[in-house]
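Letters A, B, C and D name the chains as they come in the text, with residue numbers starting at 1 for each one.
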């Protein structure tokens, strides 16, 4: 079996999900390449060594430029904060490395354009970690829609609700809390949570033409972990928008970290003339299906337990009725990336897809300021 | 429109559900006969008058013998405790009255046999108020089973869980609490709750051949409201049994008033080779349907909202999506009883059906004592 | 007991819900006044007579002006299409009649202002039939919010989804289909469905300041039942908006008749710093409650079965665990209206509340045209 | 870190779950020992090699006696059919190996007694893979019960429903189908599915005193894969029993492979005077909690999403809201086994616990034959 030598940058939550995926994928999928955990890169040597020991990385680096310069690395995997994606991606592309980049691809559309240009020029395989496409229930939704089962689409609605920043004493900045600092994150929930909703929506329902949005920062000041002082909160705590898709359907989107009672409630629903589908991250192993062709008197929403051998990815896991969880979605993404290398047809979402989502979040943030409907730029 | 003159005995919880049904039925169903609230009978004159005033009964009686003797009464409706059912039924039959009797039909099978003999001899229309047959979702279940959609049946399971007698300070006897006194109620949850489960099961799944049961009285003594003293509790607080049906299927049945968290959770499920159905009184307007003929990858339990015009009884009520409640099941029963008068085909459950259920509860109570499997007597 | 003599105008779906409420209320609530079904008014004499016979109205009228002129009528109850509300209300007010009017109060805000002026001048009791305030679960939500349990509110979201007009062959106009004709209905789903969502939202969460909206008519032409020709559809099939409330919370609202799989799915959710509530018309007897003060490791959304004696209105019905349905919400509204007459404190929603909702729907429809955020007019 | 050198026997479904657990555990838990995949043993050399390659086992064996004889193996892990457990366990114990054995421990109680005697004499650490104790929701249930939160227990009910053997064309015997052959499996659903329900029940609710049971074989003959002929089916397809626990509570238990619509629906519920808990394998990441001490008017079943840091095992995985699946329960079991080695307090369920479950299944199978209540033997 051929090796796919990984160089990981970042060792936080996402560094762990990626590492687990690289580890598990070979045990569950038959693939041409097998990921090898070659190096982990982090600025702090001690942390890098601890992570390497925990996960079995063969070596460490403390400077990502050195990692990129190494000959024994095939893939640069970026699990670092958003504000360093562009620089690393462009350098990695120039060095001819394949790139896996955490979402969102960049701080904004223009920055993402530069990244896309770099990988296009270098012709290196690339992928953004929008992992929810690989939840089997979501993948099945994609298949059902592509088969035309829903007919003309009228409505789409998505939301991503969390509640972990309600406490005004929670500080901003620093490890794990960089998501509250716009200089590092680019934006708040728009780039963090809405971006997931948008990526799925574009995949399932096509392009968005126009949006009207509003955002809010409920807690205006928070202590910053780096300065120790109360500083203005620069991110959006909540972000809502209405959208009109190219296919004529209408949509509502909402994301917030102030919805008490919801830890990570990402839900979407799509309504077509012949049927509807809905899904919920809190029970990610189920897809709700309404099929208008079912006999009238026993027609209803079906709660489909996505654990059967004929469901996407599931024949690789256990037996019917036994669910998988969040971590497996990353395993699927690695499996598809590798199959893309074998087939020559790059697995989605590529950086081009990542740019499309950044264009939507740009339009959302712009509309929240202009208080007008804004057109969404199209990827060429 | 012809009149159907009602003489009601009893003014408790069931007296109210019956009275409401007699009142509403004409507004929602087109029928040959219209119930007229002729008289309410109760031992206490003041209570009888208050009830008559509230519900619009034209007159009162304080002796049920006088009520039966009246010429202007067509139907004797019995909403009095179980220990007086037999005497009233037999007298009413002799007087040629139609009879509607609350469930269970009698204190036990032998008593019920006498009642059945009386109405058979007198050839008077009769019905037992097992109202759950008239929940539209349950009626639909019956239709689906009769159409053969489930194929060979393997399993049936039912339970009726309540929690209102957990408190040991709750007294027994007296108004509203006669259900805790076996001299008045015949038995505890076996006749009160299990009888409902059994009636539905016999209707949906046919005869039960044999049972093995166990019962328990968790609180051994309670103050009696009539004597003011602590007295032995004579009823069963919980009653469980396994059953084998004539069609070869196996079943579990359970009822209790000690299941914390459940007010009136009557549920049943039936599993056949081609499909399954389940239902729950706490959401009585839904039927869960599993149809094995559905396409494999989108097969799942359908939550059917039983509020459409093609669902049983529902075209008589509102518009799709708007649910009815508990009270309407009694309206349906009156409507069906009247349609039975018009068609000459008596609506079920008749007293014969009521006897069949009493035979099962007799076998259950016997098995709990003998600790053996007991055969269930068959109605001839 | 005093009589409250009702004169009903209209005999459609709403005429039936009101009539049932007038009939049932006296059997379940102890009130100073008892509704008497005095007269039903409809243009077609035969239909009027049939309805009177079915429901027990003592007399009929074919001209609403004659109904208003009668001395033996205390209350004019309007269950006629939206385009006649204003004229009837104003005439009834001048005649000193109490008025119960179906929702929405008027075709638009300016028309509603005139209605409000008339009843204010005449000092007659008035109420709009926004019945969902009287679903016990919704009433309980109001109580919990008023008790301050949720703390500062961050989010509100509501939707009302139906699917009955997806078929392009469905005609517009005529009996039952006037809701598809803007000349009669004023607007489409905005006035029909969104108005319900808005009334509840204003009640639970206070005033809305600004909105941005979009509407769509998916089927552009439909045969008109009166002309027999294909004619332009003038109503909105779907209507979505974002809102900012005076209390600082953000909201999404959506209504449509093109959401396949949903018959009457009205849902709302409200998120505060200390808790959240959500409700769903398809299971109207439940309230979902999240209480942040619950112990952390067993904290979760509680599915509260609103059938207990300490839940609003429920002690008047049956026993714990037994649900009521849609019809009972109108019974509650009549009960509260009558209690308002006794107490001198008029029950909500009054015509003033009805105007407030019309102001919001006006702003929504305007924003959908101007494509800008619009301010909502405040009721003085 | 110290090594824990694993020798696995069997490479089927359970061989995979165990291997994944040995692989993942070091990445998510901080432990004194780290499992090392030393050898896989299977009769067929080719299959053994393929499995070793897939999972990274260092070597293979084709005779389990040789595996046991090796000096470089610390733990014998048995994932082979039930009929070889005893021989292997006893030999492994004599060789001083630690033993992890798939459930049920043995073909029956007497055989399990011999196994227990062997490990007791050899003083080797031992554990049975009843993995459902390590579902975080189930572990939390255990904690809540042990804290006394439910008060006196009245009821327990459990069922394990599958539907994969309804098709009469499914053969018996051979790879993957040995569960249909009693000579290999010992019994049918009693040892396969009920054993899981019983293990959990004994853990949560203490000893069972007596049972009354019934079993059925719905399909009487199936083609045998080894002989190619139709042969009598020797296992039980369904097994139901009533039980009385030592603590006075009553229970129903049911297991079947003929419940259409259920893939692996293992559910249990326990009712105490102060609260109730229920759980469902199809949504294993949730626990339903009813707490009677909650305020009356907002009391209801809480759906607790077991994904928070204060839930058992969950701080080792991802962030709140993100669920784990079936595979992780085996990881937890390995983690606990290793912690038991460090602490000297062996993690449950030990072979002693495994024997206790075998005693219950023995009594169930006996009662199904004698048609009497049978006493359950107690482990000394």
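Just a few scattered comments:
Throughout what follows, a contact is a pair of C-beta atoms (placed from the backbone, for glycine too) under 8 Å apart; a residue touches a chain by one contact, two chains touch by 3 or more.
Given the structure is predicted, the values throughout are model-derived calculations rather than measurements.
Under the contact definition stated at the top, the chains bordering both chain A and chain D are B, C. Comparing the CA-atom centres of all chains against that of chain B, the greatest distance is found for A. For the pair chain A and chain C, the distance between C-alpha centroids works out to 42 Å.
Centroids of chain B and chain C (each the mean of its C-alpha atoms) stand 36 Å apart.
With centres defined as mean CA coordinates, chain D is found 55 Å away from chain C.
Residues of chain C in contact with at least two other chains: 262, 301, 305, 308.
Against chain B, in their complex, chain D makes its touches with residues 150, 154-155, 157, 159, 161, 163, 166, 212-214, 216, 218, 238, 240-242, 244, 248, 250, 252, 254, 256, 258-262, 271-276, 290, 292, 301, 371-373. Remark: chain A residues 140, 144, 287, 289, 291, 294, 296-305, 308, 310-311 touch chain B in the complex. Per the touch definition, chain C reaches chain B in the complex via residues 13, 16-17, 19-20, 23-24, 26-27, 54-55, 162, 164, 262-265, 281-285, 305, 307-308, 317-328.
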